[in-house]
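There are two complexes below, and they share chain A, which is joined by chain B in the first and by chain C in the second.
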Partner chain A sequence: MNDETNILNEIQLDALGELLNIGMGAAAASLSTMVKQEVLLTVPVIRIVHQSKVPTQLDEAPPENVCGVKQTFNGDFSGDALLLFSETKSLSLVQAVLGDSIPLEELGEMEEEAITEIGNIILNACLSSLANIFNEHLDSQIPQYLNENLTELFSTSSNDDSFVLLLRMSFNIAEQDITGYVTFIMDLESITKISAQINKMLGI
Partner chain B sequence: MPQNSILVVDDSRMSRMMLSTIIKDLHPDWLIETAEDGAAALELTKTKSFDLFTIDFNMPGMNGLELAEQLKVSFPNAKMALLTANIQDSIQKRAEAVGVQFIAKPITVEKIIAFVGA
Partner chain C sequence: MPINKQKNSDLGLNVNYRNAFDACGFGIIILDEYSRLLYWNNWVSKHSNYSLESNIGEHLEIIFPILDKTRLLNSIDDALHYHLPSTISHKLNPQPLPLFKSKDCALEHNIKVIPLKHTDDIFHCMIEISDVSASVKRENRLRNILQKNT
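Moving on to the complex of A and B:
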């Protein structure tokens, strides 16, 4: 656990890790229902880092190109939630979810829409869990499909103060060997508001 | 069960396809129509009548609850369900206030049976 902004102390980071763990548990349960297999979750690692550092901190061997979904949320705290997969695993995931219900020749054609809907379900499960724990309401925008170079996705202008609440928590679907990552991009104001919410919850 | 008509409103083509397939398997004689957003759904209901509606929440234009409120005026006796990945307590309470059932995505056969019957 590490915070470059020093907004969150060790206890708050630990609490946030546990909350996101619950959120990702809900997300993994949704994914498990979709793929009809067990989904294994790694222990969450929480870091708050500048956006530009995400590619090197996402994984020991981060994928060069990623596909996934961005979901913008607004409420007491706001930001973008991202679900990312290695580009090479995208079609395997779609196949795991849709199974035999869609003819093989139509799978590729459905890939973008299917990934968008899978991301919508996973990110909303996680965001809804957080909103419910904080007793807040978050408005989610329409999910956007991403297919980009990882470094370019997190590149920012020099005056950008957007930090990333990097939840390095990968989930693994054993039969397909698919690993996904979830990150939250928020500005300092939103991270400060989350800090206040955690204090309220912990009675600090 | 007598023949029914159902309108599936969802901006995701995957969801529309999955729902249509499940409902068709359960009730091959039902009339199943789909719409990709609230505006398309309202346009369709100008000329067609429906007994049941499944409605996504997060869609371009009006959201699913805004659509359900409008549909309730034209179809006061229709059975409606908000079918969404947005499983926040606040959304579930709003669905209850509007008088629509709440079904959490992901879509499963069991959840759809509970709504449309086997």
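Moving on to the complex of A and C:
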């Protein structure tokens, strides 16, 4: 297994975080128009971890199950982009956006579709930022709603060398702060390409 | 050649596929790289009351002025320029398109916007529209029953 700390250094992660924050601005503007209230999105933390370590990196007490949205992308680099919330946070998000007070067990098809759309707006903003930065096109599949066991979602075979670019995201909406995570699961080759592109952009 | 002068057979849509699309129980709209209408199926004509023939080559927001500065137009831009698909839910975007079940009854719908590779560099996009009126009605009824019982 490769050491994750060698793959992207702090300067590269900072640069990537800044660029993704610009994309978040566009996503926040789009969400604000849609829900007719101010939405702020920021990426305060970005790091790279081995896929199997993601559950312990999300939180001190990681949730058993997570809700979210997945988009598989292909291009010069490829992988899975996911927006994840604990079940409770996803409910807070739906309630903040829709103004409904729906118990979790009643989260219906329509609310799942609303979460899928919110995730789609945010993941598209991240993917188009990456595409813009690197002047590459990334093709993506249709977003999929997921509600899965966190450990199983990031489980790997023993020889798997996949890494995860992990972004902690903060949503500020209707006076509520809701934390979610964006993860990009990519193989070593894709991460190495990103590293090279950031160096090229920074003139290193 | 301006697109509205083209014949349907020049639009690259095989007649058999067109027949299949016209038989679908959901809406399909196909736009070119400049977001001009190439095709929509019978379902869209039926629920919008606009004919395909009189609108081919028009931008979607000219056909449906209600679309100005909406999520649907941003999604079309994402599909054509970034090759990214979008999902537009009825819950967050009530009535993105002016579609009707009957004269006085709006058709609740969800939309998917899907990039379509046309040539190596050029992407078109497909808008898939599904009628969710029955699901909306069912969920509202169930929620009302639950509220009465609590």
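The definition used in the following text is that the second predicted complex is superposed on the first by the 165 of 204 C-alpha atoms of A that agree within 3 Å, B and C clash if a C-alpha of one lies under 4 Å from a C-alpha of the other, contacts with A are read in each partner's own complex, and residues count from 1 in each chain.
Here, a contact is a pair of C-beta atoms (placed from the backbone, for glycine too) under 8 Å apart; a residue touches a chain by one contact, two chains touch by 3 or more.
Please read these numbers as outputs of a predicted model, since none were measured by experiment.
Both complexes share chain A, so when I overlay them there, do chain B and chain C fit or clash?
clash
Using the superposition on chain A described above, determine whether A:Gly108 touches chain B (first), chain C (second), both, or neither.
In the superposed model, A:Gly108 contacts chain C only, not chain B.
Examine A:Ala61 and indicate which partner it touches, taking first as chain B and second as chain C; both and neither are also allowed.
In the superposition, A:Ala61 touches no partner, neither chain B nor chain C.
Figure out whether A:His137 sits in contact with chain B (first) or chain C (second), or with both, or with neither.
Touch status of A:His137: both partners.
Touching chain B in one complex and chain C in the other: list those residues of chain A.
Correct list for chain A: 30, 33-34, 98, 110, 113-114, 116-117, 120-121, 124, 127-128, 131, 137-138, 140-143.
Applying the document's contact rule, which stretches of chain A touch chain C when the two form their complex?
Its residues touching chain C are 30, 33-35, 71, 97-98, 106, 108-111, 113-114, 116-118, 120-121, 124, 127-128, 131, 137-143.
Looking at the complex, which residues from chain A come into contact with chain B?
The touching residues are 26, 30, 33-34, 98, 101-102, 110, 113-114, 116-117, 120-121, 124-125, 127-128, 131-132, 137-138, 140-143.
Where on chain B does chain A make contact in their complex?
11-15, 17-18, 21, 58-60, 84-91, 105-106, 108
Which part of chain C faces chain A closely enough to touch in the complex?
On the chain C side, the touching residues are 69, 71, 74, 78, 82-93, 110, 112, 114-115, 132, 135-136, 139, 142-143, 146.
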